[in-house]
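Take this structure, written in structure tokens, and hold onto it; I'll ask about it next.
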Amino acid sequence: MQMHQAKRVEIIIEAMMERRLTEALSTAGVTGYTVLPVSGGSGRSGEWSREGQVGRAGGMVAVICLVRPERVDALLEAAFAVVERHIGVVSVTDAQVIRAERF
Amino acid sequence: MQMHQAKRVEIIIEAMMERRLTEALSTAGVTGYTVLPVSGGSGRSGEWSREGQVGRAGGMVAVICLVRPERVDALLEAAFAVVERHIGVVSVTDAQVIRAERF
Amino acid sequence: MQMHQAKRVEIIIEAMMERRLTEALSTAGVTGYTVLPVSGGSGRSGEWSREGQVGRAGGMVAVICLVRPERVDALLEAAFAVVERHIGVVSVTDAQVIRAERF
Amino acid sequence: MGEILDLAAQNMISPVILSFVLGLAAAFFRSDLSFPEAVAKGMSLYLLFAIGFKGGAGDAAHGVDQRLVSALVAGVVLSVSLPLVAFALLRSMTRVSVTDAAAVAAHYGSISIVTFVAATALLASQGIAAEGYMVAVAAAMEAPAIASALWLVAWRGGGSGERMNAELAREIMLNGSIVLLVGSFVIGWITGDEGLKQIESFIVSPFKGVLCLFLLDMGLVAGRGLRSGQAALSGGAILFALIMPPLGACAGLSAALLLGLSLGGTVLMMVLAASASYIAVPAAMRVALPEANPTLSLSLSLGITFPFNLMVGIPLYLAVAAAFVAV
Amino acid sequence: MGEILDLAAQNMISPVILSFVLGLAAAFFRSDLSFPEAVAKGMSLYLLFAIGFKGGAGDAAHGVDQRLVSALVAGVVLSVSLPLVAFALLRSMTRVSVTDAAAVAAHYGSISIVTFVAATALLASQGIAAEGYMVAVAAAMEAPAIASALWLVAWRGGGSGERMNAELAREIMLNGSIVLLVGSFVIGWITGDEGLKQIESFIVSPFKGVLCLFLLDMGLVAGRGLRSGQAALSGGAILFALIMPPLGACAGLSAALLLGLSLGGTVLMMVLAASASYIAVPAAMRVALPEANPTLSLSLSLGITFPFNLMVGIPLYLAVAAAFVAV
Amino acid sequence: MGEILDLAAQNMISPVILSFVLGLAAAFFRSDLSFPEAVAKGMSLYLLFAIGFKGGAGDAAHGVDQRLVSALVAGVVLSVSLPLVAFALLRSMTRVSVTDAAAVAAHYGSISIVTFVAATALLASQGIAAEGYMVAVAAAMEAPAIASALWLVAWRGGGSGERMNAELAREIMLNGSIVLLVGSFVIGWITGDEGLKQIESFIVSPFKGVLCLFLLDMGLVAGRGLRSGQAALSGGAILFALIMPPLGACAGLSAALLLGLSLGGTVLMMVLAASASYIAVPAAMRVALPEANPTLSLSLSLGITFPFNLMVGIPLYLAVAAAFVAV
């Protein structure tokens, strides 16, 4: 099967910032992303879990974007501007995708 | 630790198609996969979120398969046959796994 | 954007073992990880789904750790000690992260 | 006329409708108010179970009369034929593709169970009884419209629509909401008044309150859908979504008169014909007609027809039915 | 005999049992009907809280008599010793490994709280009272069976079974369902009738309705489990899952007679001994005996023993108990 | 004094408080008892809807009198000014940074709706009526404290606090819990007693039972939070979390006396002023003051102030109010 180079960007960010992040991504020309729920984790600010929680604060989400390699920098700038002051982790992996016209 | 080459295939597909996809994977000889819930996203067909939704239509899931490199093509054929007419994204990443006998 | 080499370790493990795994990771010096819920899957022990389930047994979670390359071995030892006798899959991918000081 | 307006006004200021309006308003002003998916599904399971059980228990007393069968047949005929009307209307009023028109048509041939539930709540508050088996008719009307739509696509060549095969048919017929509705109807029918008494304080007393919260959620979802689906909506499509319900109601009225249903049963038949699916059909369309734009169907059925029926349609149909059926 | 059949028939056509059957049927025909995990857990938390509270409030009136302590001891003894019986049976009737046999045995020494709840519902509908503290006995019987199973594995060398260490013991004893059951029992006991009156319309009136929905979900899960677990089930194993409950019930009956429990209490003791765990023990086994096949244990306990007890066992045990205990 | 202790003791052994204590204890002993996030959110949506609706329906009878407006103004003033007090106290009693002090202060200016709900439950059990519009006051007090905190940070230069911009203000004002509370208040007000009667068996009868389960969950969350947040808590901070509530209550009392509220209304005003937010403000702080340590604020407001108010504060405030307000 014919595959195309792409980058898989995974941004783990506070749930409260989700909308701001996705708006920033859209502004940066990224149209496709997928949001996965996150049920817990640990970092410098300690351990947390969503169990029994009511508010959105204290939860995180994982946003996954597949983009063409040449677009990854614009995406990262945009993401970083949002993530910068906030709790969050951004990682980039090399990937291959089918149907390049989609990215 | 002794690691083995593998491919990590991530298929983000409409929830309605999950069963058809996993059956196609099984038929193609893929026995292991993991399904993650997806809470929202955006693409050419617009933005969506699972919040407050009742039906399965309009939701997606992420299916992750770790396979030996030589099996990835069969897997992708099978997946593509299901995804082809449907909304969805398929990406492949190089990975390493422990316990190669499992894949 | 300045990126730094890292490893992305993804451990899919029985929900019952989550606490034991994260404690082992902490002991091995891994401070950051994120836990994603898993809604179903299939493997040598058959197909499963969380739908309608009450107990934790029979469910899995995905634990994602981003670590510096030099730390990945310690992490894998620790993870393997927990996963060894249990159902579970461990994969490692090369990744790049921003803000290296965090890992 | 004054009476209709009165009833409509009274309907409008019920907690049930106002909860829906609150949801719409919250979505419109982009509040982050939202229900977890699991809670929304839980409420819909509750409503289906309760409405099915009550329908069955209500019928247990009378026994299954002949009319149940003819009502089921009438429901299936309506569900099969209304999509043809909807399709013709859509193709003449809008410029949507064959596939999209067929998908939308399937939604309008099928039914919205929560509209049905809201109608039963209004009837109850007016002290108007209805045939319990209308629940079974509702279940029977969910699926046939899908077959019509697939046939329309095959006939008009609107793309590679999956043919209705046995696997797909099974999947559609055994859709969770159909199974739960029919199943609880049968349980209610078997256990009758005795059974109802046992679980009354679960499925009867709190019913209307749950309906309020569920409609609040529906308002949120509909409002959010409208906001993001706006672009897909032409004037012609919106007009269709307002015209089709009364047309369907007329067809339902004719069927009810033919069957000789009671006033309540007539209203419910009208409501079923007038309402458009937002659970079973959207799911089936994603499998069978993936090229159809889901946003269009849902914006019309959930964003326009549903509020219309809830706020204007139901009291209107009641007023019209009252003119035809002696109490 | 006729009376037993009568009661069994009457039990079978209650909404509670029919809901379970509906779930089984829906799973069998592969309907996509399903409950979200969160809703299922929510219902189980509700049932545990309600049954615990009611048990405690029921006992508050009488004070904790001496019999509570002896009943607890009896429960623990049953929970510890029944696995030995189950293990011996399994090793002679089937060809499962030592580890698997021990894991299954742990399930049968422990208890199924929803079977217990269904039995209390049947007793209530027959107007038969029972000792409130049977809830505490239920809680006490959840865990000891696990220790027996681990000891069996260590004794028979069935693999690398984790030894019962302090950490594991704490985890098992503080299992959520045990804590909730005991905790709400204590709350009910402290606040008594006064407390019960305050939350009666939450934990008493809608109880049976929630139980219906929960059993519908259990039917779905059990049916799905049976479908996918079939392969793991030999004839011998199935036979075991049908023989073990009556055996357990006999042991429970003996204990109850020794303790001098009321008719209701006797039935509940029999039900506890006859039922098999599907929450606490499966979880503990995954940690302590990961080599054991979870599909086997669950197919037997949830797929066979649970429906058997629900539909045949409970009325049977009631009939038998009635022959031994004067009302 | 004896009377206060009596009331406090009576309060302590109500199912509502004991459920909270059970949750705390379960978390303390690291039981794995837990509620799914969706169930917790579902219960909180229910409580907000019910309390809002009942408040509105209660007021519908009286019409909106002048006092509603003055009570709203008083609430806003309290919410804006209490953070200044809290900030000053924190800066003198502890060594937390300006940003952290401001964030904590925002929590204490705002309110905890579940503390409010618990207070209404206690009042109801004592047969003490309160102004329905106190619900609207509660909603009005949620947000203003946030503005104060941001202003404090800007003034004292505690970092790069996001300025209160239109977008942020909209987001805070249209926070889901505010919208639901106000919305259901308005629905209750419009539909009045008639509406209340329709959904009474959903929002009134089971209310206290749901509150028990919700407080059980709050106990679990608070206990877990305390366990992991311990490290962040200095003695001074803990002292602050115990002193601030009575201080706030005094301010609330003064306002209530000025307004001439009834005994029930006075208690509720004291409770609002004394309680600290754990939903709306934490969320806003993550957006506007991300540098603030969320663990500190939550440990104080949910881990210390909330249990204090629940167990000691509410009966204390009632006793004090009773000394000032003639019934």
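Remarks
Lettered A, B, C, D, E and F in written order, each chain numbered from 1.
The working rule: a contact is a pair of C-beta atoms (placed from the backbone, for glycine too) under 8 Å apart; a residue touches a chain by one contact, two chains touch by 3 or more.
Quick caveat: nothing in here was measured; it's all calculated off a predicted structure.
Looking at chain E and chain F, the chains in contact with each of them are D. The most distant chain from chain D, with centres taken as the mean of CA atoms, is C. The chain with its C-alpha centre at the largest distance from the centre of chain F is B.
Taking each chain's centre as the average of its CA atoms, chain A and chain F sit 34 Å apart.
The distance from the centre of chain C to the centre of chain F, each centre being the mean of the chain's C-alpha atoms, comes to 38 Å. Mean C-alpha position of chain B lies 18 Å from that of chain C. For chain A, the set of residues that touch two or more other chains comprises 36-37, 47, 49, 56, 93-94. Multi-chain contact residues of chain F, defined as those touching 2 or more other chains: 32, 34-39, 41-42, 201, 205-206.
Working note: touching chain pairs come out as A-B, A-C, A-F, B-C, B-D, C-E, D-E, D-F, E-F.
Residues 14, 16-17, 20, 45-58, 85-87 of chain C are the ones touching chain E in the complex.
The residues of chain D lying in touch with chain E in their complex are 36-39, 41-42, 45-46, 49, 53, 170-171, 174-177, 179-180, 183-184, 186-188, 190-191, 195, 198-199, 201-203, 205-206.
Touching chain E in their complex are the following residues of chain F: 13-15, 18-19, 22, 25-26, 29-39, 42, 125, 201, 205-210, 212-213, 216.
Interface residues of chain A, counted against chain B in their complex, comprise 1, 3, 6, 8, 22, 26, 31-37, 61, 64, 66, 93-99, 102.
Listing the residues of chain F that touch chain A in their complex gives 34-37, 40-41, 44, 160, 217, 220-221, 224, 228-229, 278-280, 282-283, 285-287, 290-291, 293-295, 298.
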